[in-house]
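Accompanying notes for the structure given below.
Chain lettering (A, B, C and D) follows the sequence in which the chains are written, and residue indices restart at 1 in each chain.
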Amino acid sequence: MAIVWSILSQALHIVLIVAAAPVLTGVLRWLKARMMGRRGAHPLQPLRDLLKLLRKTPVLAENASPVSRAAPYLAAGAAVAAAALVPSFARGMAFAPLSDLIVVAGLLALGRVAMALAGMDVGTPFGGLGAAREMSFAALAEPALVVAALSLAILAGTTNLDAIAGAFREGGLGLRVSLGLALVALLAVAIAENARIPVDNPATHLELTMVHEAMILEASGRHLALWDFAAMLRLTLWLALLSAVFLPLGQAPAGAGPHLWILGLVAWVAKMGALALALAAFESAIAKMRVFRVPEFLGAALLLGLLGAVLLFVSTGLT
Amino acid sequence: MLTLLLLATGSLLALAVAAPVLARHEAGGRAVFGGCAAASLLIAMGAIGGLLGSPEAADLPFGPPWGPARVAIDALSAWFLLILGLAGTAASIFALGSLHGPEAPRRLVPYPLFLAGMAVTLLAADGFTLLLGFEAMSLASWVLVAHDHEEEANRRAARIYLGFAGFGGLSLILAFGMLAGGAGDVAFAALREAPPDGWRAALVLALVLAGAGSKAGLAPLHVWLPLAHPAAPSHVSALMSGAMTKVALYVLARFAFDLMGTAQPLWLGAPLVALGAASAVIGALRANLEDDIKTLLACSTIENVGLISIGLGLALAFRGADLPALAALAAGAALLHALNHAVFKTLLFLAAGEVLHGALSRRIDRLGGLIHRMPVTAWAALAGVAAAASLPPLSGFASEWLLLQALLASWRVGDLAFQMGAAAATALAALAAALAAAAMVRFWGLVFLGRPRTPRAAGAEEGGRLVQAALILPAGLTVLFGLLPGLMLDLAEPALRLMTRAAAPRAGFVAIGAAEGGARYWPLLVALLLAAAIGAVVWAVRRRAPTGVARGPIWDCGFIAAPHHLPFGDPSTQPTASGFGQPLRRMLGTSLLVAREGVTMPPPGATGPAILHSGFDDPALVALEGPVPRWRDAAAAQAERLRDLSIRQCLGLTFGAVVLMLALLAWLEAR
Amino acid sequence: MSFGQLGYDVAHLLGGGVLLLSFVLLYQRRIGAVINAFATQGTLLALAAAWQAHAQGAPGLYLTAVLAFAAKGVLIPLALHAIVRRLDLHRSVETALGVGLSMTAGVALVGLSILVVLPATEGARALAREDVALALSVVLLGMLMMITRRNAISQVIGLLSLENGLILAAIGVAGMPLVVELSTAALVLMVAVVAGVFAFQIRERFDTLDTGSLEEHRGEGR
Amino acid sequence: MPLQWAIVFFAWGGAVALAAVPRLRTATMLNVGISAVFFLLAVALALQPFAQHGWTHTDALNTPFILVSAFVGLTTSVFSAATLDQEGFDHWRIRAYHAAYQVFMGAQTLALLADNLGVMWVAIEIATLATVSMVGVHRTPAAFEAAWKFFILCGVGIALALFGTIVLYLAAQPLLHEETGLSWAALMGVAARCDPNTLNLAFAFLLLGYGTKAGLVPLHSWLPDAHAEGPVPISAVLSGLLLNAAMLAVLRAKSIVGANPDAIAPGPFLLALGLASVLLASVSLWRRRDVRRFFGWSSIEHMGIVAFAFGLGGAAANLAGLLHLLGHSVIKSAVFFGVGRAAQAKGSQKIADISGLVATHPALGWGLAFAIAGIAGMPPFLLFVSEFRLLTAAAAEAPWLGIALVVGMVMALAALITVLQALCFGPPTPDAAGALDGWREAAAAAPLWLHLAVATLLGLAMPGALGAMLAEAARIIG
């Protein structure tokens, strides 16, 4: 029986997170507009855009290779696969054993590489520029992520997201400085990975500063729809990940059956909403930084993460 | 098994001897390379047999004046023989396929010798035989590095290469001497009896790091590698990067895990971890800045060697801290990554050789858009690139996942200083992996994607059947090892037991695990999940979207018609090698590699492109070619003053010696 | 025989005379006088050899004595005089080290050799000890002369007196086998040197101080 | 007449005969013939059981060297037959050269055979006189400079050696019967009971005297120039044979002093001289512009290594030293064959004028390349084996000294590689006149490859008898 529940919850989780992606983006934009004193578009607008884009025939450059056509599917698929591994409203879902933090990072990297290659496919300056910056920022984000993972692994004894969430849920760890530091590091990584302010501005097409947009300038039609969808999904994934690890309360054990899921669902939606609100506030509060300030931003995150790990060493050494 | 392996080695030597005669005939080259391919395949099979079977040993009928040369095979050497066999097979088939007409003896003779030297090194059971193979391997590959000696650059590479080889050999001899002690018996069995301790152990490790480390390309003795590997013919570069560095790492492992005994303290691993982390970052960063594809790949080799040595160092430390399971985990990560890197780096070098052969250039800025003209090469290379970028579900990711797990567990070693160092190493390893991904995207994207940058690149041609086979074979292995790392880890188990007296955590047939009940990685399931997700996406899109695509000119924020004299567009409107490296050069290069860059802008109103000049100096190379020769020349100048004496003054020297000696005697006798 | 006996005294006297003449060689400033001093040394050496032949009852040594006298007492000095005339070297010896200094150095060398030999040869008989000490001093003085004189003739003479020291040692050690052959062979070497000087008319070749010319002499000119 | 004397006097008789032959072709052929017979005699001598005949003896220490010197003498005569007409000799010099060659061969064999130290001294003196005349045979100012320097320095050197010999007898005098007074075997017998201080004095003079001929720093000044002037084949025999004889003389002295527990330990002196030679040579190599002088300096380095080995002492290090001497004889003479032929072909012995040999003369170029690699201690040649043995022993006994030695060896190695590539690789320089016709070109390259083959054989598959002999010799030296 438990197996059935876990599979069901897994399926529900996938549907939920896929559906949530456009909506979350819409809500985020709406919140930002509100905070800036604009009315803002309807929260479902991104969904409508996607559907509209899907109906259009993409235009490819003459010298576009199969890469241009395959990459969007690969990126979207990788995003979906990664999203399927992150616990959301319940723990112990069917894929829980697979949900390793490093594997998730690897799947995200897969999508990133696909996007970079797609950007370079037809040999435009913008594509190359975007790819170069994307990969460089990732190179600095990766260590921060792994160091944060180090702190989590020391506390939970594993890098399995589900187990980590469980360990934090059961508590006994209490509140730790090092956890806070790891959280900051992860937040910085999330911002960089999703090309949000202050690293990049998702709403602009100003060539010299853009990173993410530069790579998909050539994309159109369903390809563009897939790129956008992958981006939205990644944002959702990160928020889900943060909430699962640092706000584990309310997660239902998958085996417990639907009646408890409801509670978990409510809690999850609330957490995501809160995170979206916080992100919107953060983004509208500060300005985008110059491209070559980003390394300092991520380097600081890395150092904080390291500091957290060291503090942990000390504390574990004492106890 | 041992007889089989010796047979293969002997046949390689025979081929080398016969090569000068064969070279006269049209089919001579085919015979040699075909024979090498067969022998390599034999070696691979013998290695698998050795991994499954029990250790064997034998004495050769010849050897140094003081005794026979001893050979043996155990799990550790068998594992590296497997690496050698796989890389050798692919490289030999490639060489066979890219033959055109008769081959010069100087390219034909050393190749089998090179393979045989590596095999002897791996089979050796005493210090002399090991050094014999080690130096023979260096000498043979030196001839191949110098094969195009009309070029000053290649001569420089060969000079530095052979110099480092000799230095490494001498250091290793000293290391063996330190281990052997007064008895002077360098048979491995005898060396195991008396493990060194205290400063002797430290000195041995330092000498081994100087000897084997320099051969493997560990910083700061890596400088010869980016010079020498590209200078050799491509199939040899593949072997040098894929197999030779592994042979050096084997020597390192043989010393650190076997000959120096199991009762070594924790800190013995620290230098390996530190040097490995440094090499990983330096190599990966340089790979992002080089604009010669073979040099780029050589730098990525430095990075991977660094990662492997981190694994070995961690295993040593864990073993010293009495954490056998973790030691096995780290050692398994190292061995697995050695195998995976050997396969995908061989693949990449062979692809680079095919690119060089098809588009007649190794410089990124003269290539581009090759995926249209050389699809097989491009897709095969993509497999290698994805593995080198450690993307799931390919082989590189599996081994680096294991390595990261080992690093994440390194805090279990109680020592605080070690914990901090390991945390830093963790960050550096992750940085290196991500940098490697960037470098690989740069390599594949600029070479195979985009538009051709020269007419020759536009007219590139795919290689023959054999060449494609030589590319597809390692590509397939890369995927296979990526999907079944558990299988390979089980195969490596005897080697792990030999190194750490423990087995890697069992995680079943298709998975690898960090620890009993710890994190797991199921490559097959992840691959299936990925495939399913992609399938779902495709299905969903197909349901709503119209099929087919429209073709149009490149948009690029506005349409610009290509100038007439450049049918495939103006190359200068494409990202260049140095342009693509710019962000990393600014972020890290300036601090780590004293990188520099400058832009020459066209005058206002002119339509010419802005040219970006950039470059960097590897500090180690600067030191090698700056201060060191200066000190040497200063010393030489002093020595010359002694030489310019007249006969009378030379007599004065003799006289002085006599008087000094007599005074010494008088003094001694007075006491 | 031991101290106070005639044989000892004579041998000692002759040995001392050879040593004294080495000092004279160091001291002389005029080349002719140097050659004459060397001739005297050779003659004294011959006498010493003859006396040892008598004292040790070794007839072979008489041959050594005759050879020494003929070669070093007569022929070689004549040849050297001839060379001096032939190359008309200016008659004074220019020294690299002042005469006074070289004399003091010589004294120091004698002290050194005695210091080395006397404890060294405890086992041997007194006469041998004395003799070896004297011989060693002569050898060292010969070398000193070779490196403190600038022109070829006096350097050759330094070598020759060095060789005298060897013979002195050889004859002093009673019962040395092959002593005649060895002394003859050594003499051959010396004659060869003199012949070299004579044949190639060497003035300064010992002492080419101009390193530039050395460079091209040594075939390493750029 | 026992074979030991027959072989010597055969060579000297050959010298007399050669002195009478003015025609180049005849003389060279006769020389080859004599050397061949000489080699056969040496083999026969080696096959005989060890024995003592009056002043001479054969033992495990000198037999291998007699074999090697006869071998090198043979190959050198072949090489000189192939290339001598490039020297442009008149018939007087042809006579002088060949006569001196055989005189030298005989004398240095006698020096190896001698049991009586006096005889050994006389033999070495004769060898010196012969080589001096060969070095100076060109009569150019450079040749004069070299020959005269060689003559004077070595003259003083062997004079010192004679003094040492006399003092040695003085030490043994109370214990020995007159006739056997200078016999090495007899001295070894009584060395333990001799007066140690006298032995010290004797050792000092023997070391400095014969050390001069062995070219140990600071007594080395004559060596590079003597190797660089004179006919090409002479460099080969100088490096290959003369140095061995001198080093063996030093060894005999060392073994006597070493046999006396109260005397000073001779090892440290050899260690010091050896290390000094290696270090000085390894830096001086970098300043050479003349290729034959370069390899002369490399000979100094290798003699230093040998001295280091014997100074270290012990069975392993002694074996290493002996192997190194043998290997150096074989490989260095091969190098000089190659270098000499190249210098003739390019009409200059400046390193800058010789380049790209592998392109223009493949057999010569690659042969030379591998010979230099062998000199640098690369496998599979004998020097690799000996250096392995030496360094393992050094690391076990005195690691820091071993590291100092390796520093010097690495610097020398780098210099050798640089010159190797400068000579063999790169764009070829034009050939001067003097290309040999086919078979002579082959005959000039053949000895080089033969030596490489022999060096490999000795390194990896040494005949058991020879190996046992060397082990025994290592024990003799003590």
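Following the convention adopted for this analysis, a contact is a pair of C-beta atoms (placed from the backbone, for glycine too) under 8 Å apart; a residue touches a chain by one contact, two chains touch by 3 or more.
What you see is a predicted model; the values in this text were computed from it and never measured.
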Decide which interface, C-D or B-C, involves more C-beta pairs in contact, and give its chain pair. C-D
Which chain has its C-alpha centre farthest away from the C-alpha centre of chain C? A
Dist(centroid_CA(chain B), centroid_CA(chain C)) in Å evaluates to 68
Rounded to the nearest Å, the gap between Cα centres of chain C and chain D is 31
Counting only Cα atoms for the centres, state how far chain A is from chain D in Å. 77
Calculate how many whole Å lie between the centre of chain A and the centre of chain B, each centre taken as the average of the chain's C-alpha atoms. 35
Which chain D residues reach two or more other chains? 148, 152, 156, 160, 197, 200-201
Pull out every residue in chain C that's touching 2 or more other chains. 116, 119-120, 143, 146, 205-206, 208, 214
Listing for chain B: what residues touch at least two other chains? 647, 651, 654, 658, 662, 665, 669
For this structure, enumerate the chain pairs that meet the touch criterion. A-B, B-C, B-D, C-D
Sort out for me which residues of chain B touch chain D in the complex. 62-66, 69, 106, 127-128, 131-132, 135-136, 138-139, 146, 149-150, 152, 155, 158-159, 162-163, 166-167, 169-171, 173-178, 180-184, 186, 203, 632-633, 635-640, 642-643, 645, 647, 650-651, 653-654, 656-658, 661-662, 665, 668-669
Which residues, counting only chain D, touch chain B once they are in their complex? 148-149, 152-153, 156-157, 160, 197, 200-201, 204-205, 207-208, 212, 218-219, 221-222, 264, 269, 280, 283-284, 286-287, 316, 319, 323, 358, 366, 373, 376-380, 384-385, 387-389, 391-397, 399, 402-403, 406, 409-411, 413-414, 417-418, 421, 425-427, 459-462, 466-467, 470-471
Complex contact set, residues of chain C against chain B: 96, 109, 112-113, 115-116, 119-120, 140, 143-144, 146-147, 150, 155, 205-209, 211, 214-215
Chain B partner, complex, touching residues on chain A are 51, 54-55, 57-67, 69, 73-74, 76-78, 80-81, 84-85, 95, 97-98, 100, 102-103, 106-107, 109-110, 113, 116-117, 120-129, 131-133, 135-143, 145-147, 149-150, 153-154, 157-160, 163, 207, 217-218, 221-222, 225-226, 291-292, 295, 302, 305-306, 309-310, 312-314, 316-317
Where on chain D is chain C touching in the complex? 116, 118-119, 121-122, 125, 129, 141-142, 144-146, 148, 151-152, 155-156, 158-160, 162-163, 165-167, 169-171, 173-174, 178-179, 181-182, 194-195, 197-198, 200-201, 224-225, 228-229, 288-290, 293, 349
